[in-house]
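Should a chain be cited, it is by its letter among A, B, C, D and E, assigned in written order, with residues numbered from 1 in that chain.
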């Protein structure tokens, strides 16, 4: 292990390390803590210039209550879920198929198709902006959740294919050959043999895509407008327009918007990190 | 006797205006119970980009928008309905005469106004009193006042230029006062070079205020709302703003004893006074399906009664467009109405970003912002704007 | 002993060619989606960049004039030049996330109690939307109450208005971007460190390599895969940077924090924009820059594939 | 009749040919082992029989049926992989029944067959477990069970034991032999383990570079190799080879001291010959001094002496019992003439 | 003097103790092999000597120097790892020279030493290659070269050959032995391979559960094991054990037919004893019928007979030559009395 395990060092070093940890963490997360602090402050504190001090009163319930009952935030949150979840399902479904095809079969175009997906995934998505927007418009899906979902599925398929294909590549090929010898059709091999084995990858990928899509801002503002279909990342800007300079409200709103992926991360930590390092690319 | 569907798209997304508009539509519905009205309210900022899509793809029957140059692209693309026929109706011809110009392109009218508001200098009466100042009448008084305010450790004017347009307001006034309304309009129309000495003169006037520390520091990082607290806390004495600033200032705790208003002072005594009064409008998209009902709605919305209701202090808190309606007795509205109807002989401008084409507006307001931060870059800025002008107005 | 193969010898064509057809069946939906939404639009953008179009009327073919304008903007040091320059700054500054991530990973690569929680908390910024990160940092920098100036005041410095200063603003935004990106690199390195061969470290110890020399000569070479990935994602992140610019400054003050990604959005879709062709031209330039890195990435992937 | 017949079987990967026309007949019920150095094409050949690799040219018959281009599933073969290739997400019973289930056999039939196979392999009590809860040997048994369940005519094994440790390997080796006796199906088995090949096979096929070197029963190969390659490949430690001169029909080499009589009649005019001697057939002559003992390795029951001739050639001699010859000692060789193998120095072919 | 001395060496990981007080003296220039079942602490002990693990209690001396708490790099030891632990990003030459470079030796000196070591190991032509372009055996040689270059007083090897295939293993084994003779340094070698232990060691240390079972020269352990564990562990195939009754001082077991005389005087009152017989010391008596031949494996030079007694005990007998006893035959045993090993049935200690 590198660096040398701290347990093997002097008691002084151990103590120093252990006390440095929380300090460093506090420092690292200071911006977030600040937001959390803001979000429970009363408005009066800001007018009074008490930005960083102890809140003069605890207004957490009030502020968050406002977010939930006096703004479009709940609608935006709901939209986010309604965009994110179908995207995750769609992208994962498509890419487990493409990943399977590219990971298992040997055919001439294999590597080139694979590279196409990978390259597409790395493209600066701004180049897609105008045509995709026009396409969505002409499909009548502009400013609908479905329009956003379709695009996200397509774009994420690039990344997911990279991920899935590499994962399937790492599966023992004998498993597939064994099934073939047993007379299992290719589609059944996919369904009964490969898919169950991909569970960890599916979980990791789902978690990853969930955060990617949840946090997407660019496409949200390119393809949707207004509380009917915009996700929370875009919603937060109009939320902020509504509460411009009301820092306590903006903080509360931000925290609410950030919460689902954070919760996801904590619940599915193992998968999440596996996903990052397995797929290793955004 | 109206039937069928009527879809209305609104950009009045803030809570108060939203309620006002919905209430008005409710009243319209009562009059036409058989009409199936569908209202969609879209975030104001989002609306500005979304309008392109719905006008072409899935047009409503009525849509809000802004007058003057701001509606030009849609008119030219044939996306707005010609409503000159409405203006031919005597009631409207009389009532809406004052805003007709702002809605006219190629001698045709493309929509109706439903509200407008004045711009002007909102100031802290109590601070003026404390420093022994009075409302200035001339540019020199303005500067003298400002010098005193700066001396007292305050800034004269608060402003937040992060979103650029607030600087456009200053430019509007300085340029209209320096060079007059017509010159201003020519500039907006790209007929005058930015490197023209007259334009420079406007900036030199502006520079005087900047150099004496008239504006708050770091304004380029604030939005207009974030700039409000400086005035509320007394760190700045005045705010050149539209009348909509009054409500948040009052909410923040300023009473009418502390808050007052004056018209932007004369600079060049030879030019007539002219004002910014942005007009918000209703249009009928060319692709609308129920144009008959839409016209009826436009008549309704601009009728003297409705104008009185929706613009009163409890609702929009702005000025009615119909000559036949009455202005709320809120002191700012009264003053504003007074100013616009009697003391704005030079003309009424819509606002810089509505009078100038979008691209030019964007580039120029960025220039204004830069100028306010770095006044010494003026020549560089102006030559950049001139390059932009040559490109944009081709 | 009977065989489970009592199916007639005359099999369907599909059955016989199963292995040749199957991949295409599996690929079809993915390729369809990807082609429609990604591949074809890339070419459409190339095409569109030769037109002038406001998104309303008829597009007008103008040849390379959009690019010519970009060229003049470059020469005149206008918006395009600034965006390009900022993108270069982004590229280089953003790479700081890699050493920073490595540093934190080394700091956290211990087995004291509760370290797992620490590792996750350190990773936190990555999970949060850039919109929120941007907001948080613009408050952090806020000249009237921001924590930055408060802290600078403790050491008798400042105040600075980071986001209001055309020379600082890009760096200020990049720092905000480095925060989550560092967390990302940290996680990559933590997993990389996990995979470092302990026997090599021991061999190094026997060889007398310690501390920094151990890091340089033995650990870092083994972390190459992690470094490579960190490099790729950081470059891509830098070139795609949009959210933060949009949230924190909208390209300001006076356009000095624009990057290509934001500029093209601004030109094409923002309130004052709707020059679709021009936006497409900017996107094409951005695409070309990115293509260098994509090509490099694909090339190293190709080598790896062939290496097997 | 479910033997396997290969005729002129050829495999090419693009340009490179790896199997160069194999003709082979494996009888019904025979246990046939493929051996050969790594990369010689053992696995490829097996996979061609299984149908997992296309046969480029030639034909493969199983029983009377030409299966050269038949789908793997339809060949009536079952394959046991080196890595077992068990489906990790299925229980033992599901693993074994999977093939039948996918082909739509009724549930009862599957259960019955699985039960039967698992009782043969003593897997009854593990049926509900997942593979990862099994030991290596048990996993290997499940893999075999999966093959049995389908009731194939031919079993194919590709180094099935190489992932097991030495002890288990012995155990499973015995088990597979027993299974072969029990079900009597044709089995083809790839290995590179001497002991497995010698002990399990009815017939060994020695491959080199995609060609068959010799086919025969284990002890036949040991006793009667066709060429130098087979002689050196079969038997452990390997056969010693000395390049001898032929003088007057006798074999002359410094190591022998006196010229040796040839066990076979040498062809006219041959002046050089390669003589092979198995380490276990040589004895040391402590009264001679043609060779030097380099190193002696005593393993207890047996010792190996490493000798060098004056010309630098290396020899190994196996000594029984505890006697340990001191290193550095000079010794001679003693071999019965009939134990000598003679090979053509150029072609490596056996002279007999 | 650069022997290695351990005194009461103890290793604890937290609560669990894995090395229970080892006292051991390894002479200067000796080749010492640690053997024992997996998990017995061989590697741990070696790593304690290397300094890679803290020694919890006791002391370790190298030469006259107490190194118990000295930094690994300063102990004058070099270690060769099972996985070689070559630095993949450095060339062979850089790998070998790395230790010297880290210790600030001048470039010329390093080059010279690397050249010398690589000529000893015949690596000269690979110096510019990266490890991944080398074969397993070459890598292992580089690992050894890296150790040599540093000119340590003590070489430590942890199962260095277990990742190589059988042939290479033999080759490298001989090479390491040769190296030991050539440079004469003290070497400590961990393995679980019988043959390696027997052939390479001057001294074998048999470990079990963190304790020393027996220390001695290889053939001493083979001929004269102290207890049942060592007897069963050393020798391949393993010694056969039969539980015999003692009747009138004689050993009684159905497999023997007639009672056998005990080779040693048995203690008074002992009624049971474990008798050990090495497979290579037993001969089959085809005229008796106490045992059944289960299976015979003919490997050519040698065959193994698997026998079962009436009571179900298993025995292995090694038969020389080609004779192959038919399976199913009933046979008896024949062992020279002096070849029997007797162990206390309870403690497993040798009776002598």
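Convention: a residue touches a chain if its C-beta (ideal position, glycine included) is under 8 Å from a C-beta of that chain, and two chains touch if they have at least 3 such contacts.
Because the structure is a prediction, the values reported are computed rather than measured.
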| item | value |
| --- | --- |
| Path length in steps (a step moves to a chain that is touched) from subunit A to subunit C | 1 |
| Between the pairs C-E and A-B, the one where more C-beta pairs touch | C-E |
| Angle (degrees, nearest 5) of the CA superposition of subunit D onto subunit E | 175 |
| Whole-Å gap between the CA centroids of subunit A and subunit E | 55 |
| Interchain centroid distance [CA atoms averaged], subunit D/subunit E, Å | 28 |
| Intercentroid distance (Cα basis), subunit D paired with subunit B, Å | 93 |
| Subunit B and subunit C, separation of their C-alpha mean positions in angstrom | 40 |
| Of all residues in subunit D, the ones touching two or more other chains | 71, 73-74, 99, 103, 150 |
| Per-residue multi-chain contacts in subunit C, two or more chains | 4-5, 18, 218, 269 |
| Where subunit A touches two or more other chains, by residue | 183, 185, 237 |
| Sites on subunit C touched by subunit B in the complex | 54-57, 69, 76, 78, 138, 141-144, 161, 163-164, 166, 249-250, 252-255, 269-275 |
| For the subunit B and subunit C complex, residues of the former touching the latter | 45, 48-49, 52, 55-56, 73-74, 76-77, 79, 161-164, 217-218, 220-221, 353, 358-359, 361-362, 366-367, 369-370, 373, 384, 387, 391 |
| Touch list for subunit A against partner subunit D, complex | 172, 174-175, 177-185, 188, 192-193, 196-197, 199 |
| In the complex with subunit D, residue positions of subunit E that touch it | 174, 177, 194-195, 198-199, 218-219, 222-223, 234-236, 278-281, 295, 297-302, 306, 318, 320, 322, 324 |
| Partner subunit A, residues of subunit B touching it in the complex | 13-15, 40, 42-47, 49-50, 53, 56-58, 223, 225-226, 228-229, 232-233, 252-253 |
